Every structure is written in structure tokens, then in C-alpha cells.
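The chains carry the letters A, B and C, assigned in the order they are written, with residues numbered from 1 in each.
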Amino acid sequence: MGRPLIHRSPMPGLGLSMGITLTMLSLVVLLPIGALLLKGASFGIGNIWDTVNRPRVWAALYLSFRLSLFAALFNLVFGVILAWVLVRYRFPGRRILDAAVDLPFALPTAVAGIALTALYAPNGAFGSLAKELGLKIAYTQWGIFIALIFVGLPFVTRTVQPVVEEIEREVEEVSATLGASRLYTIVRVIVPMLTPAALTGFALSLARAVGEYGSVIFIAGNIPLRTEIAPLLIVIQLEEFNYDAASAIGIAMLLISFAMLLAINLIQVWSRRRIGYV
Amino acid sequence: MHIEIDEISKAFGTTAALHPVSLSIPSGALVALLGPSGSGKTTLLRILGGLEFPSSGRVLFDGHDATGLSVQERRAGFVFQSYALFRHMTVFENIAYGLRARPRAVRPPKAEITRRVTKLLELIQLPDIGPRYPSQLSGGQRQRVALARALAIEPRMLLLDEPFGALDAKVRKELRSGLREIHDETGLTTIFVTHDQDEAMELADFVVVMSMGRIEQIGKPQDIRARPATEFVREFISG
Amino acid sequence: MSDTNLAPPRFRSAIEEPRPARWVLIAIVVLGLGVLLFAPLIAVFAEALSKGWGAAVASLGNRDARAAIRLTLTIAAISVPLNAAFGIAAAWFITKFDFRGKAFLITLIDLPFSVSPVVAGLCIVLMFGANSVLGGWLVASGYPIVFALPGIVLATVFVTFPFVARELIPIMIEQGRAEEEAALTLGASGARTFLTVTLPNIRWALLYGVLLCNARAMGEFGAVAVVSGKIRGQTASIPITIEMLYNEYLSVAAFSLAALLAMLGLVTLLLKTVLELRHADQIAATYHR
């Protein structure tokens, strides 16, 4: 191809901006990730597999992924309802709720972690209620589930909200003039329009949950094989200076992240091709 | 279907969009609501379709009070200026929508739906576009699909809001005669809103000229041309 | 006209849910957010103040707490400007020039969002830790990175990497290049063009990105936990100190520091809301992490 790598431009600052961008990107992101992959390569695929292929690691990866999936599914449904209510309905306190949606982004994970633990521990406000019902939340998988819901809550809402705002009123009206009930309109017209954005938010929420550490470890109880999440396993290996094992698990998690990143991009390509513009 | 508009008014907050207007539309007529923007013509159309509720007055369909009928119950085929096609559905699914949305007891069987959609695609002279998505159609094709979708529910009347507004001049001329043909074929009472006097005069049996929420004149196109009732009408049709 | 028309029949809008359905949905949302978001927030302050104001304030004056606060401020003071500089440079490079692989570059910049903070920390330990070639040499030369401030800053910059850039890129794409080109034809230098034309146009988006970056930088836990070594009084930032205090059952002290960070979060949200209301046109409508 005869296309130049960089087009000539009268704009100043090419060298400076490109230099800073590529240097920082390499130094901060690419080289460290490269170091992890290099470590994995020198450790060997066989050894990585042997490290990952142990009950405790499988249990942690399975737990992280399964609970993240459940939490992301919860957030998918709740997030779409939340986006709908915040955009369409007018009621006192709406603005406060709208601002509060971002709380999980603004509240540090460690703070969220100890706060959730205080609430759901057997002597906490919600924990004691659950105890009367014979349920235990903190230090069980339920606790992890709740913490993962917390950290992933804003994603679906924030991706779906702008789409709800853009739905043309005529599309809903025409559905009604064609005889469709409101419920039929929602199921057949509105939900399909929100689906691509909701799926993007779902994938983001899932990716965040799989990698989450700070808000989970306090409430999890961290019992091997039962409530031990994958990121914690990496930390434990590091504390024992077992860098090979930590890298093996880290690479496994990195692959999961890349797969999800790919999924997000595919969803966007798919929806753009399918829906396009009318 | 005969449509009777009896002293209909509409206020949005404190601003009156329609002062009480009355109008009788004989069954099978093709009527144009003509006026500049803000004249209340679209509001009147939306009230007929059940999308807006009048502040006072009544709407009668074939002599029966239809004021309280919900949108769904009115069975008015409504075509929006933007067409409002469902962009995640194919053309076929768009046209079949109203039939599929019916309660199970009155929903036609699958084969019947296919038959009707195919027939409508032939009526709008686009027999092959069923599997396509709206984003793959031209503006004129979209307009005709919107029309076919409205006709699919076997409407009692056809209401069109600036049906040619989003099209370029050449396509506009073609589709005008298309609408006339479909009207003549179906015999439906048809009301369309336009701000284009040529369009109204060429297409409609009756033209209703509106301004500032009032009806200025009702008449056959040639009568309005020959004898404008008010200063506004004179200026509007000469302008 | 008959009398029935004086009281018009109830009219249901074609594009609204029935009233009971609306109430149910609003109730779900209020209850859900109450339990999921507001309750933990209240819990932080309730726990911090469970032994009264005095105990809470006193625990903040503790030597370790003061060291933690100082360290966290230092981390933010270094990593936020670094990220702001990177964000401006990257946004300038991406929006003012045409080059191959632009989409790929944007993906790479977004990459840290998809990587677990723990994995990020692990990467930095592997790169700069004492048992790597580079790290061993740095430690021998007296410049340790891991278990020291540079490593913590590096980890923080990693996890907050895209914040400023992804605020600026959409807004700068939207604003185009015409204004800068006009300034250049009028004889302004590159630096002058940036300072007098570009910067005023992007200042609110920049502030917004910096705010989000700062909140995350001060609160980062997972990545810092891995690289810091958690040395009390030296490499323990506020979140790390919270963990240590909490594990030692010093609940009031832990929650007092947590309340401090929670207030930072609330101030961030408040400023964000104000910025969104007043400068919505200048802030990209993207999601944030």
C-alpha cells in the first residue's frame, strides 16, 4: 500500500505529542504487560497449564467467573430498568439518584469492601436481618456476589442511558397506532433497540467484576476452594514470592480480559452493521 | 369511514394549539390539511389518530363517539414524516408487525400474514425488498414501506403527517401519484398534512387551510384557488 | 355538546407505561439504589462515628494515618499530572494527525481498563522487581522501584491511564482542527495556538478527566497492594492502611480513613454533576470507570 504511515500535516507538535504518547504507553502499559507475557513464555506453556490445572486455581477461576457472570446479569436487568426510569420518569430525587449511579466509580474499592462487610456481617444492619431468616451473606459467595454487583452497577446504566434518550417518540407511537399494547411495544421494539448498548455494558461490567479485588476480599472470607477469588490467588502467590505461579494465573486472567475486550468490539461491530441509520 | 370533528380544541399548558374547530370528512375522501408550521394541522391529525387528547370537543367515526378510544382501538393507519420504521426489523417484519401484535385470538395464522405482507409489497411495487433492513432502503422506498405497514392492519382511515416532507423533489412527484393510486384502490378515508400548497392542490379532493389553530377555509382545490375566503388564504396560496 | 364531554374520558398516552407500572419501576430503582449504594455509603460514616467525633478525628491524627495521608497525596500529586500530560499529548496526537493504526492505538490506551488491578501490579513487579534484570540493577544502584514510591506511582498511572485521554479525544474530534489552523495562519506559534485556542476549548473536559483520575488515584487498592509491600508508615497509602487497620480490628480508625476517602468520592461526584449540568456541551457523554 502506498499510504504513508503518517500524513503530512501543518499542525505543530507531531514529534512532541507522538513522543510522549508512545513513550508513556510503552513504559507504563506495554512493557509491564510484555514482562508478564515474557515471564509466561520462559516458564513454558506446560508449566503454566500445570499451575492453573490445580483444584484450588480452577475453583478460584470458576468462582470469579461464575459470580461475575451472575452479578453482571443482575446489573444488566437492573441497569436497563434504572436507565429507563432515570431518563423517562420525573419524580423527586431523580437527579440525586442519577448522580449516585457513579458512586461505585468514585468510592475506592477498599472503602466499599469494608462498608459492605460491616453491613452484611452477622452483626451488621442487613446481616442480622438475614441471620434471622437463617441466611449468611458476608463470608459466603453471596457476599462476593453483592460486592461484584456494587462495582459493576454503573456500566449498563451509563451505556444504555444515551440510547434511551435517542429513541424517537414516533417509533413508539407508530407501534401503538398499529395496535400493539404498551408491553408488546416494550418487548418487541424498545428492548431490541437497547440490546447492543446493554450488552456492551454487560461485558464491561463482567470484565470489571472478574478482575475485582479490593471490594471483594473483605467480604469474601477467602476460604480456599469456596470463597477464594482468582485475583486473591495471585496476591497470595506473590506474598510467597512464587512469581511463576502468580504469572501463570495472571496470564490466564489476562486472556479472559482480552477475550472480553474482543467480545465488546464484536458486539459494537455487529450492532452497527445490523442497525445502521434510518 | 365518515369522520366528524366536533368543536375540537387543544391547549398545551396555556398556549392554544387548536381553537375549537369543526370539520366533516365524507367517507372515502382524500383530504389535505394545509398550513404553515404552528397552524395546528399536525395536532389535529394526532388527535384523530389518538396520539393526542383534545382539551374539549368530540371526534365521531361513522356517527359514533370515538373521543375516548385508545390509539390501539382506533385502527388508524398513521404514517410519520420520519417514517419511524423499526430499524432492527426487516421490511417484512415491519409490515407484519401490526398483525403479529394482535392478541392470539384475533391474530391471523402465519401463512395468512405472509400472504398479506406479500400482497402489500406488490401494492407498493417493491415486491423483492422483504428481507432487507430499513437502513438499506432509499428515502422513497422507506416511505412506501411505512405506508404498507400502516395498511397492513386494515385501518379504518389513513393519516399521513408530511408524507413527502423528507424526500427530494423528483421522488416526491412520483410518490404523490402512488398515494393517489393506493387511495383509489383501497377507498380509505385519507387525511394528510402538508405545508406545500401544490401538493395539497394536486392530490386532495378537499383542502382544509389552517392558520394559528383555526380553519381558514375548506373547499375543493379549484374553489380555494378561485375564491380565497380570507386574506391569509390569498397570501398563502399565492406565495 | 353533551355533558359527558365536560369531564373528558381518561386518556392514556401512547408512549407511557400505565401509572401502577411506573410506580413499581420507580420503587424498584429507589429501593435497589438505597440498598446497593446508599446503605454502604451511610455505613462508612456510621461506623466511623460509632465512638463519637472525638475518636474518629483522633484516629486521623495518628502517626501512621498521617503518613498514609501524606503518601496518598504524594501519589496523586505525581501520577495525576503525569496522566494529564499524557492525556493531552495522546489526544493531540490522535485528533490532530492522520496516521495508520489509530484505532489500534486507542485500543491500547483503553487496555488498562480491561486488566485486573492485581494483574497490573503483578506486571510491574515482574518488570521492576528485585529478581528481574532491570529491577535487580535498579536496586543495586540504590533506586528500588517495587516496594517504594516509584512502583506505587507506576501502578497508579497504569490503572488510571485512559482517564484523561478518553475524556479529551471525543471532544477534540468534535471540535475539529479549523480553529487551530486559523491561529496558525495568523502567525501564532504551536505552543501559543495550544494555550490560547485548544486549551480553553477543552478545559472543562480536561478538569473532568483530572477529577476522575484523581479519585481513582487516591483510592486505588489492588494494584498498590501488590507493588507497595505494605510497609507501615512508608509505602502504605490510605486504602492500604484501611486494610491493615481493619484486619487489626481497629474499626473506628479504619472507617475514619474510609470516611475521608468517601468524602473525596462525594466531592468528586458533586463536582462531576455540576460540570455535567453547566458544561454538558463540552463533556463527552462516555461511560467511566
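By definition in this document, a residue touches a chain if its C-beta (ideal position, glycine included) is under 8 Å from a C-beta of that chain, and two chains touch if they have at least 3 such contacts.
Keep in mind that this is a model prediction, so the values were computed, not measured.
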item: Pair sharing more residue contacts (C-beta pairs) when A-B is set against B-C; value: A-B
item: Centroid-based (C-alpha) most distant chain relative to chain B; value: C
item: Distance between the centres, which are taken as Cα means, of chain C and chain A, whole angstrom; value: 15
item: Separation of mean Cα positions, chain B and chain A [Å, integer]; value: 47
item: Length of the line joining the C-alpha centres of chain B and chain C, rounded to whole Å; value: 52
item: For chain A, residues contacting two or more additional chains; value: 173, 176-177
item: Shared-contact residues (touching 2 or more other chains) in chain B; value: 50-51, 71
item: Chain C: positions in contact with at least two other chains; value: 14
item: Contact footprint of chain A on chain B as seen in their complex; value: 49-51, 71-72, 74-78, 80, 82-89, 97-98, 101-102, 133-136, 142, 146, 149-150, 152-153
item: Chain A - residues contacting chain C, complex; value: 3, 5-7, 9-14, 16-21, 24-25, 28-33, 35-36, 39, 78, 81-82, 84-86, 88-89, 91, 93, 95, 97, 99-112, 114-116, 118-119, 124-126, 146, 149-150, 153-155, 158-159, 162, 169, 172-173, 176-177, 182, 186, 201, 204, 207-208, 210-214, 218, 231-232, 234-235, 238, 243, 246-247, 250, 253-254, 257-258, 260-261, 265
item: Chain A-touching residues of chain C, taken from the complex the two chains share; value: 14-18, 22, 25-26, 28-30, 32-33, 35-41, 43-44, 47, 82, 85-86, 89-90, 92-94, 96-100, 105, 107-109, 111-120, 122-127, 129, 131-132, 154, 157-158, 161, 177, 180-181, 184, 189-191, 193-194, 212, 215-216, 218-222, 225-226, 238-240, 242-243, 246, 251, 254-255, 258, 261-262, 265-266, 268-270, 272-273, 285, 287-289
item: Complex contact set, residues of chain A against chain B; value: 168, 170-171, 173-181, 184, 188-189, 192-193, 274-278
item: Footprint of chain B on chain C - complex, ascending; value: 1, 5, 8-12, 14
